[in-house]
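Some structures to go through are shown next.
In what follows, chain A forms one complex with chain B and a second complex with chain C.
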Partner chain A sequence: MATLSDDKTIVYLCAPDIEWVRDKDQTILVDKRGQSWSLEGIEAAAWDWLVLGYSYKDMVRFMRVAFENQTPDVAMILSHWHDVGILQAAGDDRVG
Partner chain B sequence: MANLMISTLCNQDCPYCFTADYRNLYPLSNRHFLSLADVENRLNFLMRSNIDQARLMGGEPTLHPQFVELVACVRMAGLKVVVFSNGLIPASVLDCLASLPVSECMVLINVSDPQYIHQNISTQQLDTIQRLGTRAMLGFNIYRPDFQLDFLLPIVAETGCRPSIRLGIAHPCLSASNQYIHPNQYVAVGAKIARFARLAASAGVTIEFDCGFVRCMFSEPDWEALCTLKADVGRRCNPILDIDIEGRVMHCYPLAGLGSLPMTADSDAPALRQAFELRVQPYRRAGIFPECSCCSFKAAGECSGGCLSATIRRFRRAPSASLVVPRQGIQQ
Partner chain C sequence: MIKKSIKREVEISKKRELMSHFSTWPVVWHDLFVIPLVDQFLIYAPLHGMAALVNRAAVSSLKRAILSGKPANDARLDEIIHVLQTEVVTPPSPKCGNLAPAFLGLLPTRGCNLACRYCSFLATDNDNLVMSLSLAREAVDWYMDLVSQTDQAWAEIHYFGGEPFCAEEVIDFTVTLAGLRAHAAGRAVRFEVATNGAMDEKRCRWVADHFDTVVLSLDGPAEIQNFYRPYKNGRCSFEAVSRSARILSEGAACLFFRSCITDQTVDRMAEIATWFCHEYRPGGVCFEPLQPVNDSTVEQLVPPDPYKFARHFIQAAEILEAHGVESIYASADIRTRRVSFCPVGQDAVIVSPDGALNACYLLPKDWEAKGLDLCLGRMTGYGSIELDMERVARVRSLNVWNKPFCARCFCKWHCAGSCHVNHILPDHTGAYDRLCLQTRIIALRNILKSIGRIDLISQLLEDADALEQAAMQTSDILIDVKE
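Our next item is the complex of A and B:
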């Protein structure tokens, strides 16, 4: 069961009804409200690790290995997904 | 176009039947046939949608006990009659259809692959096709990669039916509880179709295609040959609108699992199609193959990316697990 976000942590969950498919050059996400997103490159990799159930810590470690020169910020990616509606934060009004 | 289901009953049990999900979602009630009172509603729907033909299907539509009266209503409304049948048609219905002007009636008779039903096309089916003459057109649904088509040409020659054969690919229902051709088998299927199209052309028979074919299932030489033969390869996938006897409108039978819309007194086909298109639009970014979303044919509108039901089946649900992230990480 998800715990609520607190002062030190934020708990993300996928928005309800998100479905996804991995295509040749991108990962496509859709939801029942008619929204869709296309994830490429670093974001697509982050999504793969997310759906495989890896922890934030693991994702950060994998990113450092896989994208050595780019040092992508996993937390910023997740925050962006939250902003566009792919993720919800536990405690958000939207989480249902 | 829109298809009107007039019978939920069928006298065959085809393993690829597209109504598998529909039958699970809406189990048979005691009512098996569209009533004549409801026929008027359906015809009004077609007319206000500017559709000039009544496409009657089932189950097996010719099992409707008032089929002759129903066809009379269609004719009275000034619409053409199109029937999707397996050819096992009752005598009175056959008399009725055979009496209609050739230009006003088309009966698509789907025949099965003789190597898997362990019998040749039945005498009754042959007699039916012969009796209907050019009102009849042969149809064949490909649901196994080891299909054969050559047996169709002698039937065209011997019965005098329309010199054209309509090919369909069996697509999966969303639950995939029917038999279907997996997209990984499309290239092999495409090569066999192209070979047959050349053979058919030499016998004066053209090939027509149902929905959900894709451009990349044909090699370049085969594609050029099909174009030369003026074969209209069905690279489309859109809401045909299948309407059941209860007035439920579906995108198409394979996508019955997406839900239905009611046919109301003022609804018309364009509005219903638009509603379904909105519902499925996000999935249209993808296709049946991982390459579809970056395919130039799809981008140019020359290919739909295949059957939407097969496309949607590629999608997976996102996990429900949570991810705990330190706020410090976000603020950096």
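Our next item is the complex of A and C:
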């Protein structure tokens, strides 16, 4: 999984101790410390596509088709997940 | 609310119109059948869900009582007549009013990774055409809008092919999108897919997690599967498909097998059923006789003899049911009462990769060859949807009320004439073809099972003359039966 930022590609990976389960209306993530996150709506959709191995470009393309003029900011979603520990960057400023 | 009331009134008046066609003769007597079973007779009223075994004298008494309007002077027969006269049943009627699809069908592609010897989808003109994501979105949005305007608790999306997973991006996109749209509309959404199962392990685990129902085409053990269903490059498909069957057996999705039976495999149906039960955990197994198409004819594959198919199906059904697995032969399913078989009778809209909205997932050239037009309209993927309600009405008219050949068959409310494309009904009443014969025998078995007399079907199968008499009876309507 990857996200583009200017001329760099940051490769994000799911944090190793994260486990997730998909329910009807939400995706629940937990880590070993017992911290949990509930993803709904657009975030859950982004997660679905991410774990299927779609690239950042593909995710943006999907979101554009799905939401037309109100395309969610995929980069912001990924960055937020990185900040809260759901995702880890594979290497600092790694160029892909 | 007002709209709903008006719609309901329209539905009721249309039903009355249908009933009035039969007002010269009480509907109930047209739906009371009698089938000879060795030395007994099965009285069957499908709309009342009633079946009884009687002797020849009772059939005569019942017929006389019905024709004369007088009691039969037999407590048990009069009870049957009383039930038929007093229990009000509404015969199934075609859909009317606004389009209310039972499901949205998506055909991500007609392409396939297998080259099954009997497949009618091979070498189609648009083999490589894949549905665009914008078209897929338009289809999902249109359907979810329709569902949200009704009181339907859930939406239902079915994927057909070709092999749908040859265009997996379309599935990945639409499953997630439909989930989002359903959530926003306060509805649940169910997913069903018909697949050949020739996919990698990771993809199959995803299918097991995300789909509610998976109909997996697996013809049987390795030598059967590999012979009939090879990859396009000639490689054997069994290993991959069997692995998928195992993964799906452990998953949340309800797994159904679909096994195509030829005259070469018909004798092995019981063995195949046993093998399915021992190797996997299906919810049901559907055995389908080969449907002859050009490619199968070239391969010299022929459908099984209908008597043989029915006999072996019944053996296989016993094995499956002993393992808690449903045996499926859709046209002989006595639990359903319907006017039309398959998606065509359910207002289903199936979206092709080119944007055509059809009532059927088969190839247009196949229905066109039979003089049918099952196209309902078109979508462009750019906000332009043309759905022609005149075409919808024409497709709705393809129902058993308009199939005089079926009028005197006891299976008419279950089979409804079967597939509109592949089952061309014979010209005159009682000239049953192979599909009719096997449906009638399997339905008889199902009725007898429902009344706890499955032993009688064994007797019938052992008596070739009696079996033919039951299967070939020109009219099953009680009042037509000669004494």
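Following the convention adopted for this analysis, the second predicted complex is superposed on the first by the 83 of 96 C-alpha atoms of A that agree within 3 Å, B and C clash if a C-alpha of one lies under 4 Å from a C-alpha of the other, contacts with A are read in each partner's own complex, and residues count from 1 in each chain.
Basically, a residue touches a chain if its C-beta (ideal position, glycine included) is under 8 Å from a C-beta of that chain, and two chains touch if they have at least 3 such contacts.
Every value quoted in this text rests on a predicted model; they were computed, and no experiment measured them.
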Combined model on chain A where chain B meets chain C, clash or fit: fit
Chain B versus chain C as contact partner of A:65, first or second or both or neither: second
Partner chain(s) touched by A:90 [first = chain B, second = chain C, both, neither]: first
Partner chain(s) touched by A:50 [first = chain B, second = chain C, both, neither]: first
Partner contacting more residues of chain A (chain B vs chain C): B
Touched partner set for A:25, first chain B, second chain C, both or neither: both
Smallest separation of CA atoms, chain C relative to chain B, angstrom: 8
Set of chain A residues, in rising order, touched by both chain B and chain C: 22, 24-25
Chain A residues touching chain C - in the complex, by the definition given at the top: 22, 24-25, 40-42, 44-45, 48-49, 52, 54, 58, 61-62, 65-66
List of chain A residues in touch with chain B within their complex: 2-3, 7-15, 18-26, 28-31, 34-36, 38, 50-51, 53, 55-56, 60, 73-76, 78-79, 90
Complex contacts: residues of chain B adjacent to chain A: 278-279, 281-283, 285-286, 290-294, 314-330, 332
Complex contact set, residues of chain C against chain A: 133-134, 137, 169, 172-173, 175-177, 179-180, 183-184, 188, 206, 209-210
